[in-house]
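In the two complexes below, subunit A is the common chain; its partner is subunit B in one and subunit C in the other.
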Partner chain A sequence: MANIVEIHNVSKTFGSVRAVEDVSLEIEEGEFMTILGPSGCGKTTTLRMIGGFEYPDRGRVLLGGEDVTDLPPYKRPVNMMFQDFALFPHMTVAQNIGYGLHIAGLSKSDTAKQVDEALRTIELSHKAASRPAELSIGQKQRVALARALVRRPQVLLLDEPMSALDAQLRGAMQVELKHLHEQIGLTFIMVTHDQTEALVMSDRVTVMDQGEIVQIGTPTELYDHPASPYVANFLGTSNILVATVREIISGTIVTDYGPNMIRAAATGKTPAVGARVMLSIRPEKLRLLAQDAIVPEDVNRLEGVISEQFFHGDSVRLSLDIGGDTPLVIHHQLSSSQGQGELPPAGQTVNIAVDPSSVTLFEDIADHEPEYRA
Partner chain B sequence: MNLAQQKRLSFAALMTGPILWWILVLLVPYVIMLMISFYSKQFPFHVPDFQFGNYLKIFDDPQYFQVLLRSLKISVLVSLVTFALAYPLTYYLVFKVRSHRVRMIIYVATIIPLWVSYLLRAYTWKTILGTEGILNSFLMWIGIIDEPISLFLYNQFAMVVTMAYIFTPYMVMPLFASLEKIPRNLIEASKDLGVGRMGTFLRVTLPLSVPGILAGFTFTFCLSFGDFISPQLVGGPYSNMISNVVATQFGIAMNWPLGSALSMIMLFIVVAIITMSDRFERAGRLDLN
Partner chain C sequence: MAIQQAQIANVRRETPNGWHFKWAGFDITGRALAVAAGCVLAFLYIPIVTLIVFSFNSNPITRLPLTGWTFDWYEKAFTNSNLLAALGNSLLIAAAAVVICLAIGVPTAFALDRYQFPGKVFFRRLVLLPITLPGLITGISMLNFFSMMDVSLSLLTVMVGHGTALTAIVVTNVYARLQRFDRRIEEASSDLGARPWQTFIKVTLPNIRNAIIGSSLISFTLSFDEIPVTFFLTGRDNTLPMYIWSTIRRGITPEINAIGSVIVGVSIILLLVSVFIMSDPVKKAGTGR
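Then we have the complex of A and B:
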């Protein structure tokens, strides 16, 4: 498929703050792309440069193969849903939705027809004459969405679309937006700091940090094969352990972490023997073993002492001291056959297992170590 | 004494001062003025009475009615000139000046004349516009005129210029507040929806700054309507404003009843305008957050 949006080596500085540094990104037509990162990582600036609200210091922005870097927002075939919706408070819901249509050269009756249709789609026909202040947050969001879509843009930009919603509404809207995307097949570019949102909704996710792109990939790729400890920890949680390479045996890297031996499947470059590396293990990939359980030879078997238990309702998180610098967190799903009461109590020594393929190894420890030392 | 009683007592103690002040300095004088406006003039002073002669005289005698009309005209002119000066300036400050510091410096510089004596500021214009003034000297220096002209001073033009200068801060302040309150993303949303700069200004920025415009007009109109210094300093013979007439009635003419009636009419006009602007503001009050 063709790229609908292309960003080439774009940089943007605000005063002395480097917001975006040499970012390149290609977004395919019909794709749901999410730009994910903490506040100040440059994700919003990147989105605003696609929308035309920021002018890049360097680099080009292409829409549908056409260079739009120098075009003002009102000449770009994209529309944005703003973070707090930006509905015009002095206009009715219908006027808000029809705002951009009249300008586009549509006759009054055509505008009215399209506005009616849009109102019916979002099931707010009865609110046509209301002011935005009279709407609930969820209704406001639907109006903002309708207003952006009614102009039939080539790309829909969504700036933190869920940030104003409460947790319950958020979940519902995530599904609704995803369905909408599947129905109309439009390219969506969303900016968020919420990793769940990114994982649930996107076809691909771009992770940004300090103005630069860290990794681009599908949610599964990012979750299972994070490119750095930063990504591993930003998407979901992860145990990050600093271990020492003992030996490398045919595709498996054997490391020492305290008294335990942890094996990781080699995926990229193989580190030197004796090197310090970082291991990332997802809490849910760690299995609590029964005392007498037997695990296959090629599965990691670790021993540790339970230090704390945190009850999460449907699951328990166990903090386990396995003799290294950092305790290991295990996500243990409770089931109908096993309640929290049946779990070993704090202070007990237990065995856990993890597949080497679930252990991600990072070589460039120097870049990341300081962040995790504290 | 329980907590509720204690609270009530301390509240009463707190409010006594302001209420007394309000009664003594505002309510009582207004009542006295209202009463005197119905008295009759009788040499050498006036006698208590209840008759509408003073009010009738104001609308009958062209001398007073003309002054009233002139005051309204001058006030409207001053408000319009002030608005024409203040809106572009404030717009520029709020939307175009990027540095917060520069914006505050220009804003404060605009407001700061309020700390200088009103009389001094009005007097300044006398020295600018007079025959020996800066304007004449300048025009002679660049050769447009050969000798000083007296067109600039002692007329209504001079009054409007002086008052517009003096009251500009009162227009800038509410405009600044209302323009600054407009969320930037509304302007961005308008552009995002395909509307250019001018359209965005006319359909978003201007309508949303109406509360500031109303407040600014109310301030400048009411302040110029009641002004009596500028007419005296720079106004000349045919520029008497209603306040000057009131001052004369309480002074040289010793006609307190007529002065009071004139004051009541002024008060009525000003209150009517404030009420109207308040109504408009309420009707269009918007939730900008």
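Then we have the complex of A and C:
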């Protein structure tokens, strides 16, 4: 498929702050791409450069193969849904939605027809004559969406579209937006700092940190094969352990972490024996073993003492001291056959298993502090 | 929202010893507030009411007791050609001053809000200076300036004088509004295909309209009853305040009371109109949800 948006080596500086540094990105037609990162990582600036609101210091922006770097927003075939929606406070809902058509020179009757249709789609026909200030947040969001879509842009840009919504509405809107994307087949580019949102909605995710792209991939790729401890930690949660390489045996890297031995499947490069490396293990990849359970020879079996239990309703997170610097966190799903009461209590020694393929090894430990976020 | 307010109201009623004192069924706090408000209103409006009352009094000397009802003074006022000329001049000057204030003030406010230039802070303070200067000083300095430039004094010089003295009002009001203005709605307009001038007319202007109308009205009023600057800068033409002032030296005539009453009436109408125009369209549309 053709790339509808291409960003080539774009950089942007605000005063002395480097917002975006040499970013290149290609977005396919019809794709739902999310740019994910903490605040100040340059994700919004990148989006605003696609929209034409920021002019890059260096690099080019291409839309549909055409260089639009020098075009102002009003000449670009993209529309943006702004954070906090930026609805026109002095106009009615209908006028807000019809604004783009009115500006494009559409006749009053054609505009009215399309606005009516849009209002029906977002189920706000009864609010056509209301002002934005009279709408609930969820209604405002739908108006903003309709206003951005009514001009049939080639790309829809979404700047933190859920940030104003409460948790419950957010979940519903995520599904709604995803459905909308599937229905109209338009290219969506969304910016968010919320990793769940990125994982749930996107076809591909671009993770940014400090103005640079860290990794681009599908949600599964990013989750299962994070390129760095930063990505591992930013998408979902991860146990990050600093271990020492003991030996490398036919595609498996054997490391020592405290008294335990943890094996990781080698992917590509292999570290030197004796090197300090970082291991990333997702809490849900760790299995609590029954006392007498037998695991296959090639599966890691670790022993530790339960230090704390955190009840999450449908699951329990166990903090486990396995003798290293950082306690290990295990996500244990509760089921109809097993409630929290049947779990071993704090202070008990237990065995856990983890597949070497679920252990991601990072050679470079210099730039990221181990950190666990519950 | 409504429920919340009702709850707050309940809490207030339930704590009579807080700051709502009641005695024998009377709401003393409420009474005291009403009396205080009445005193303030009386202090503000009794002189004006007096003026209106005497404009209808048949005794040519402004003195109690009232002697009888008459419209004569209004008739006299509106057949006095000197007075009418002065009134016309005043209206003309005020209108022109407003135009000058807007023409200079609005672009200045935009420049201050949106552009960085060296000496910006200094410039902002400098623009505001004329409003703090006594009219006397502005008047004298402008008189010096005009005579130096060999400009003969006329209504035109008065208009320029008022314009410079009052521009600061427009600048402060519009600048304050722009500071609170959400620039993202301009970006949204641009995003939806509007060229900069379309964005300005359809989005920016409607949202700062109130500040512009409000400051225009204030400037108009201040110009309308301005004496010091006018005194120095007018040629042979008279303005209404100057005319009244010169007449009053021979004693207050009921004619002046009459024209004063008319101005009060017009002011009240203007006030109502401005309240209507400037009432926030968002609020005006109700608070239904």
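Rule of thumb we're sticking to: the second predicted complex is superposed on the first by the 368 of 374 C-alpha atoms of A that agree within 3 Å, B and C clash if a C-alpha of one lies under 4 Å from a C-alpha of the other, contacts with A are read in each partner's own complex, and residues count from 1 in each chain.
One rule holds for everything that comes next: contacts are C-beta pairs under 8 Å (C-beta built on N, C-alpha and C of every residue); 3 or more make two chains touch, one makes a residue touch a chain.
Given the structure is predicted, the values throughout are model-derived calculations rather than measurements.
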Looking at the overlay on subunit A, is there a clash between subunit B and subunit C, or do the two fit?
-> clash
Touch check for A:Ser136: first (subunit B), second (subunit C), both, or neither?
-> second
Check the residue A:Val277 against both partner chains and state whether it touches subunit B (first), subunit C (second), both, or neither.
-> neither
Tell me which partner A:Arg147 touches in the superposition: subunit B (first), subunit C (second), both or neither.
-> both
Contact residues common to both interfaces of subunit A (with subunit B and with subunit C) | 51-53, 72-74, 78-80, 82, 84, 86-90, 99-100, 103-104, 131-133, 147-148, 151
Subunit A to subunit C touching residues, read off their complex | 51-53, 72-74, 78-80, 82, 84, 86-90, 99-100, 103-104, 130-136, 147-148, 151
Residues of subunit B that touch subunit A when the two form their complex = 183, 185-186, 188-196, 199, 203-204, 207-208, 284, 286-288
How about subunit A: which of its residues touch subunit B in the complex?
-> 51-53, 72-75, 78-80, 82-84, 86-90, 99-100, 103-104, 131-133, 147-148, 151
How about subunit C: which of its residues touch subunit A in the complex?
-> 182, 184-185, 187-195, 198, 202-203, 206-207, 281-282, 285-289
